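Handing you this structure, nothing more for now.
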Amino acid sequence: MMMPLLLAAPLIGAIVNGLILRPATAKRAGVIASIAALTSFASVMVQHFAPDAGPFEWTWFTVGELTVKWSFASDPLTWMMCAVVTGIGSLIHIYSIGYMSHEHNAYRYFAYLNFFLFNMLVLITSTSLLGMFVGWEGVGLCSYLLIGYWFEDINKAKAGMKAFIVNRIGDAGFLIGIFICYQLFKTLNFAEIAKLLDTQTFDVRMLNLAAFFLFIGAMGKSAQIPLYVWLPDAMAGPTPVSALIHAATMVTAGIYLICRMNGLFLVAQDTSLFIAIIGISTALLSALIATSQRDIKKVLAYSTVSQLGLMFLALGCGAYLAAIFHVMTHAFFKALLFLGSGSVIHACEGEQDIWKMGGLKKKLPSTFLTFTIGTIAIAGIPPLAGFFSKDMILYSALTAKSYGTTFWILGLLVSFLTAFYMVRVWALTFLGEYRGDKHPHESPATMLIPLYILAFGSIVAGFLGMPEGLHLLPNYLEAFLHPVLGPLVEGHGALSEERAMAVATVSAIIACSLGFYFYSKPERSETPGKILVPFKTVFENKFWVDELYGLVIVKPFDALCAFFAKFFDPNIIDGLVLLPSKAAQGMGSLLVLLQTGIVQTYLLFFVFGLLVLFMVLLKGVVL
Amino acid sequence: MGMEHLLLWLVTLPLIGALVCFALTDELSKYFALVVTLLGWVLAFFVYQGFDSAHATQLQMVFNYPWLNSMGVSFGLGIDGISFPLVILTKLMMPIAILASFNEKKFMRFFMSCYLVLDSAMTGTFLATDMVLFYVFWELMLIPMILLIGVWGSEQRVFASVKFFIYTFAGSMLMLASIFYLFSQTHVQLGQYTGEIAAFTKLNFSPVEVFWGLNAEKLVFLGFFIAFAIKVPLFPLHTWLPDAHVQAPTGGSILLAAVLLKMGTYGLLRFAIPIAPNAFVEFSTCVAYLAIIGILYGAWVAYQQKDMKKLVAYSSVSHLGFCVLGICSMNTKGLTGSMLQMVNHGITTGALFLLVGMLYERRHTKKFEDYGGLAAIVPYFSILFVFVACSSMGVPGLNGFVGEFLVFMGAFEANQTWAFVTVTGVVFGALYTLTMVKKTLFGPVTNAENRSLKDVTLKEWAAILPLCILIVYLGLAPNSFLSKFNQSLDTYWAETLKKTALDAGTVK
Amino acid sequence: MSNFSSVYWTQFIAIALIGLGMVGFLIRRNAIVVLMSIELMLNGVNLLLIEAAHRSGSADGTMLVVFIITIAAGEVAVGLGILLNLYRIKHSSDTELYKELQG
Amino acid sequence: MTDGIFIAIGIFTLLCGSSVILCKSPVYSAFSLILSFFGLAGLYILLESPFIAVIQVLVYTGAIVVLFVYVVMLMNPNSSGAYRNWIFMIVSAFLAWAVSLYLLKALTLGVAPAVGGAHALSLKEVATLLFTKYLWPFEILSIFLVVMIVAVFALAKQSKETPNE
């Protein structure tokens, strides 16, 4: 009973809000939406403690030997992801009641949010690749609708479209992955695939190909190197949307897909290596860009891309548990940071440039407190969540089979940069004097409560997956997810786990103090910019990646389409079709010239005809 | 009313309605036509119930009336797995097309009788089991369509209708040539003239090369294929579609997109492939290439269009490319996918044209620059618009996806590179659909008239709602509909390709 | 006068007449002269017929000539009637002016 | 001797014929037409068919050419540009010459040897032939003439209505 309720609640919430009631005030719409989210969260909790009957099954379509069923799994991995999605989702629903209070028809926003939750849950709970694909595209659609929520501004609509198209490219790859999987395993069900992978051996090249295309799908959705350009632009949507979709849930779908198909990726070794390389390079690139961004949400967006890069690094190195653990902790503190920045923007009436803020410590005390906890967590300072999950990733990178140490060093650099830019953002917004012209005020209670809960989550989440070595707490997560993700691979790297942890902590502390030193005092905040001037411009313009895409892909494609639409189709193909009619007209106008109207010309033709006749009749006779 | 007369009523009821329509006044003829087509729904429901899905391969509810005895031609109607979904689609779309053209100003009586004649001609084409009868209905179908575009169209309607007529008619001339050849062969090979399609499929051809290395079978196939390729429209022969759509009235566009385009693919399945299987097997690769080019080309050209209806017309070229690709992949998944895609495309593009028609009735312009930011002004319309756009893009959960997915599976099985290339078609499909949505709904409200647009009226809701329900129904639970004609598609390839070079192993 | 050494002469003259008539109705701009040259051609034919009748001795040729003359009379009458009407409109008999029936 | 007269008259007729088409003013060409018809009549006499010669003179020259002259007088034609442009004349001359040559060739090919005695055709023979073998053409001819008269009247009447501007 619980599973259908889990899905039905947000769907009904969306329909009630969007089509039936369409309540006038944001408050009423928000309340309905939040109730729907909370019921699905409750049903997840109930599902865990009192699991009901087996998976709920229903055939979608059967064609020849291909039968596709809708069925919902209830294994630990799904449960954990559902808990994270619905938990943080409901918090964000409550938060957005306050955030969207002044919007005039906010029911549309809440309907989309609920519909997004429904699609995300379909993605997570489905037991077949195709069911997941349905959720996959549904989530892409909702992010399109939500990013383009304020559609009056054409750029926001364009950002939404860009997000959808880039996701669609990833989905195309995903589709090909599904076809290859079906060709290999003759089934799309995860459990059956896992079983087949254990029992039979398949052509490794095909497995790698399938894994590669599935990874392209993950790349599109979780914003990795070639297809990450849509995430920073997706900040055009309202901040709670960025928190929910572009930090906590949707972007982690790629990681969930790879964890769900871990059997395949374990076997496809060179694709995993490729994933690790892509992961670490994305992390490094976006961390560098984040260091010099002006807009607070852009910084957080790039930090999300870099954290995702780290997760993919873990996946590449085979540490699926580390990735999922980081997904969970990251969901907490990134959602916290986004919502914190949301309340800052809400307070400064839409101002997003950190250089025009500052000194908000006094005016927004609780936002300041929660934001600080979030910053410390993401920076990786020991007691908080960020430290444990990031360290698990770094350690797994260290013990990876190939290039272990290089991945570890690069990972360390990424976490150093992360700590640096987060403290930069934190210092510029909250310390020093207020540089803006607005008069910020503390956000209402509905926005602060979720912040406090998330802050608490960021502190506690780390303890769930504490590594054994510390002998403080057993690794609950490892025990919980063992059946799905397989054993934690015990490797040995250059350093032992404790020493690696120590090095990571030291680097985080150095980065924080460096950041604090520079950005707490206004006069010193310019210096880092001056030291690495050439790099600053490069980072600020995001390595000109968008412009590069525009030049290399968008412009030639537009030119090609324009060529076809304006020249090739109307003139060449249509020309060929209209050719006979034009030829007929041309011939006609030629013959008209013969009709001079003067009688003698006709007589001339007459005599000429006579002559020809005689010639024909008297062929033999030569004149 | 016995089962066998059901099909006869299916064809003749609208014809009688058309005649009666002449006598009524303009006002009355509208509602009368609606009633007749709703009766069509009832009949279609009976057919849906009466159709025995167990043996969908044989012709059911066969109605036979000797017509030209000397030539062995009979007025034969029958329905089987291949024509079943398309007949249902035709009967479904008729009342919607009529509802969409309620506020036409001039000659309403003749407008409605044109629709009804078109309805009976289309149903007849799908149900005909006799080659000559099929050809008669095939040509009869053109005439009302020409009148619809030519008389009630917009600015350059005459040019468009003449182009449409000549283009399609030229194609059907080639088909006629093949029919004559086959007809003469029936006398030679089977003793006496007969129009039965079943008899035609049993003919075998002399392998002698006629010219350019084409033997008799290839020529017959080409005759049929070109006529159907024009109708589909396949890539190089598609230029009549945008003109016809842009100038056609809303109802005309709906029927043109929803049903007339399916004649081509239906013809391929019913005539071209069973009659000349070897030729099809040989040509299937280049037909597939044409289809793939059609998919990508249609999407690219649609992306740059300034006129809404032209964009949707080119999108139809792209969607129909999927159907043909499904057929060319020569396996059950591809074929079922293409059959589903035909029905889905009919519903989705019908709804899309309905919406574009609504805008045209309010603003009398189809250009994008006249619209912008409608989402704030007409919320219900924009919800419908985005909903149908999603279905046209093939977002899973709606009907577009199931058909496309199966075509991809079939194409992947037949030839992997085909699937790799066409999957990018999905991205381009999303691109032009979203550009259309962006240009009409989003952005600031550019010109003033848009502010006073009124939202969807009751009549329009009545027209669009059944389509939306079907979009969701076919998207989530296509199985009940699929199981009806599934069996015939499974055995289709087994039967038709049995006679071909199966032993030569050309079929994978 | 009964027999000639050769038939050649009469045929030569007749055909010359026909040729002259043909040239006449091609190069002259005056409609009446065109009609006259047609008469010339007809007489050329008559001459041929008479010569043939004379040579073969049967009277058929003369019969034909009588018919030709009557028809020529009718033809001239109508031709001139039309010319008169044209003249009434155009005030000239020049064929170059009657060009309304142009393409 | 008779050959000589025959050739002389033949040349005379041809000369008049050519003057018909060459004279600028139509009046002169009409008169030269009359002269050529007289020449022709002479030739007919030499070919022993006096009846036709008489008909030629009486009907053809007397009636038809007179009609021509009458119309020429009515129209008082200005003999402006008599001939067409040069190229036209050369082309038509060449064509006429070629056709005549072919005609000559055709005639000489098909000439049957002189069969039976060439004897003068008496009027009685012609008359009996007219009313036996050629009765039907003769009757049809009369109808033709009636039609011709009606036609001419119609043309004439029409001219009354058209406003003679």
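The chains carry the letters A, B, C and D, assigned in the order they are written, with residues numbered from 1 in each.
We take it that contacts are C-beta pairs under 8 Å (C-beta built on N, C-alpha and C of every residue); 3 or more make two chains touch, one makes a residue touch a chain.
Every value quoted in this text rests on a predicted model; they were computed, and no experiment measured them.
Set side by side, A-B and A-D show the greater C-beta contact count at A-B.
Averaged Cα coordinates give chain A a centre that lies 38 Å from the centre of chain B.
Measuring from the averaged C-alpha position of chain A to that of chain D gives a distance of 104 Å.
One inter-chain figure worth recording: chain A and chain C are separated by 100 Å, centre to centre, where each centre is the mean of the chain's CA atoms.
With centres set at the average Cα position, the gap from chain B to chain D is 75 Å. Across the assembly, chain A contributes 600, 604, 607 as residues in contact with two or more other chains.
Counting partner chains per residue, chain C shows two or more touched chains at residues 22, 26-27, 96. Residues of chain B found to touch two or more other chains are absent.
If you draw each protein chain as a dot and join the dots that touch, the picture is not a line, a loop, a star, or fully joined; it has some other shape. Of all possible chain pairs, the ones that touch are A-B, A-C, A-D, C-D. Residues of chain C touching chain A in their complex: 22, 25-27, 34, 95-96, 98-103. Of all residues in chain D, only 2-3, 6-7, 10, 13-14, 17-18, 20-21, 26, 29-30, 33, 36-37, 40, 43-44, 46-49, 51-52, 55-56, 59-60, 63-65, 67-68, 71-72, 74-75, 77-84, 88-89, 92-93, 95-97, 99-100, 103-104, 107-108, 111-112, 114-121, 125-126, 129-130, 133-134, 137, 141, 144-145, 147-149, 151-152, 155-156, 158-159, 162, 164 touch chain C in the complex they form. Listed in rising order, the residues of chain B touching chain A in the complex are 163, 167, 236, 238-240, 297, 300-301, 303-305, 331-333, 336-337, 373, 375-376, 379, 383, 386, 390, 395-397, 401-402, 405-406, 408-409, 412-413, 419-420, 423-424, 426-427, 430-431, 434-435, 438, 441-444, 476-479, 482-483, 486, 490.
Across the complex, chain A meets chain C through its residues 591-600, 603-604, 607. Within the complex formed with chain B, the residues of chain A that make contact are 18-19, 59-64, 66, 105, 130, 133-134, 136-138, 141, 144-145, 148, 151-154, 157-158, 161, 164-165, 168-169, 171-172, 175-176, 179, 182-183, 558, 560-562, 564-566, 569, 573-574, 577-578.
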